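Chain IDs A, B, C and D follow the sequence of writing; residue 1 opens each chain.
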Amino acid sequence: MSETVTRDQFTYWTEIEVRWGDMDAQGHVNNAVYFTYCEIARVKLLGELGARGRADGPHGPALVTTTCDFRKQVVYPARLDVGVCVEEVGRRSFRMIYGIFFHGTDELAAAASSVNAWVDYEAGRAVPVPDWLRADLDRYRGER
Amino acid sequence: MSETVTRDQFTYWTEIEVRWGDMDAQGHVNNAVYFTYCEIARVKLLGELGARGRADGPHGPALVTTTCDFRKQVVYPARLDVGVCVEEVGRRSFRMIYGIFFHGTDELAAAASSVNAWVDYEAGRAVPVPDWLRADLDRYRGER
Amino acid sequence: MSETVTRDQFTYWTEIEVRWGDMDAQGHVNNAVYFTYCEIARVKLLGELGARGRADGPHGPALVTTTCDFRKQVVYPARLDVGVCVEEVGRRSFRMIYGIFFHGTDELAAAASSVNAWVDYEAGRAVPVPDWLRADLDRYRGER
Amino acid sequence: MSETVTRDQFTYWTEIEVRWGDMDAQGHVNNAVYFTYCEIARVKLLGELGARGRADGPHGPALVTTTCDFRKQVVYPARLDVGVCVEEVGRRSFRMIYGIFFHGTDELAAAASSVNAWVDYEAGRAVPVPDWLRADLDRYRGER
């Protein structure tokens, strides 16, 4: 993920206010918290698509893998714009990418991605992405 | 990272007790917490090598990128063994890999990796990994 | 703190967006996170008063005690208004109270309080609240 | 809670390893994390008593109020002993107190308390503490 990441790649946006407690003893936002920032954006988008998770039905999304490239440290106080888009939809999973920008700027704090399986929670295994979701995910496609 | 990950690849081990609060509303350990588990292992190992971070000197490690593959969900109560090793040492950075196993078993909960730059905190840029650290990192080499 | 807590007691307000990850395995915001919500409000207010903490000078605030009464559970998605006021200013400490309301309503999710000492970080002990801060704190006085 | 808190008051103990990420930008364990430490001890004890929570039945514990007095800052690396006891059992709730000590010493890092209601999760209101739990809680009584 060393290539350029720009705002125009993303199709869904969330604004996040950095909390003082997001920082660690190094005095900047802790690495694990970037994944929480991505989760905020992902849960919001999937929630809008009616695909929120376990509580809502027998099938839903589950994280398979996630990566984050840290480009600039973030220090409180700060406000961030998290862009997300669906990069690829496979048979049983889909891939999302994320751009964490300093609010209102093109300055990238981090670039991230996730692969999310569509799972049967009861059976504990991936099942085909349903057609209704596939259509919805397509509306949020973006290219990296 | 779809290849096999086994305990014998790792050269440094930390035992972690899962906290009830590590779980999220899905009833399993939240994805961001796996990065905290890796951080626990990384900070311990780097601390033993005398390379702990900002407070200890003008140069130190900084996370550049990190990835996690989630293999099995973790539910409280659980105890984990986090294995770590140095996979590669470059000029200005080194790469570590992590295996998060259920305690005392070969059952893998997650496999992770990180690239850590060696940085001049003041200048905000990567500098060559010092020889003393290079030698120490070599002692924890492992192969994936 | 079983008495009534109402919005008109508070003199400083912060709006907080609940993050999905603030919830625990019970499916509601975890108890420890309420203290983070109070911290967000406290750090903002003290920051505006120029009293932010360790990094900013040899003297600053330190939490001595904190309490929270949980009145209504909070479930994602939710937006909260956190009200805060200075209830009392002593010689070496001051007491703040907090009301966590559901956004735009009089419905109280939690009522909290904290005693904050003014400390000499180097010496590790409380010192008199300086006059400049005392005057500033007075502007945010409220009554419970 | 300014009175003396000593190890002999507590009837149940948990050992906790401080995680590097428990620290905040002040370089010590964040105030909210002390409540997580108490939660670890409470969940363990209640789990042993078969009173774990929502997932296990229609009735269970819910936190009503919690307080913490911070006595000594905790800095990574550190290991803590968290002592807990049941101070009082009422009709619909019980009160627990906690002592967070530096491992293997009488040095107190924090003293805390909580009031826990016994609730009907469906109805969302407190119900009488059942006799079986009352007897179990009595076995962990301690005096402050």
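Details
What we mean here is this: contacts are C-beta pairs under 8 Å (C-beta built on N, C-alpha and C of every residue); 3 or more make two chains touch, one makes a residue touch a chain.
What you see is a predicted model; the values in this text were computed from it and never measured.
In terms of residue-numbered contacts, A-B and C-D present the same interface, as over half of their contact pairs agree; the other options in B-C, C-D or B-D do not. With chains reduced to the mean position of their C-alpha atoms, the one farthest from chain C is B. Between the CA-based centres of chain A and chain D the separation comes to 35 Å, rounded to the whole angstrom. Note: centroid distance chain A to chain C, computed from Cα atoms, is 31 Å. For the pair chain C and chain D, the distance between mean C-alpha positions equals 22 Å.
Multi-chain contact residues of chain B, defined as those touching 2 or more other chains: 20-21, 25, 27, 30, 32, 36, 39, 55, 76. On the side of chain A, the complex with chain D involves touching residues 20-21, 23-25, 27, 30, 32, 76. Residues of chain C touching chain A in their complex: 17, 19-21, 27, 36, 39-40, 43, 47, 55, 76-77. Put simply, chain D touches chain C in their complex at residues 1, 25-27, 30-33, 35-36, 39, 53-55, 62-70.
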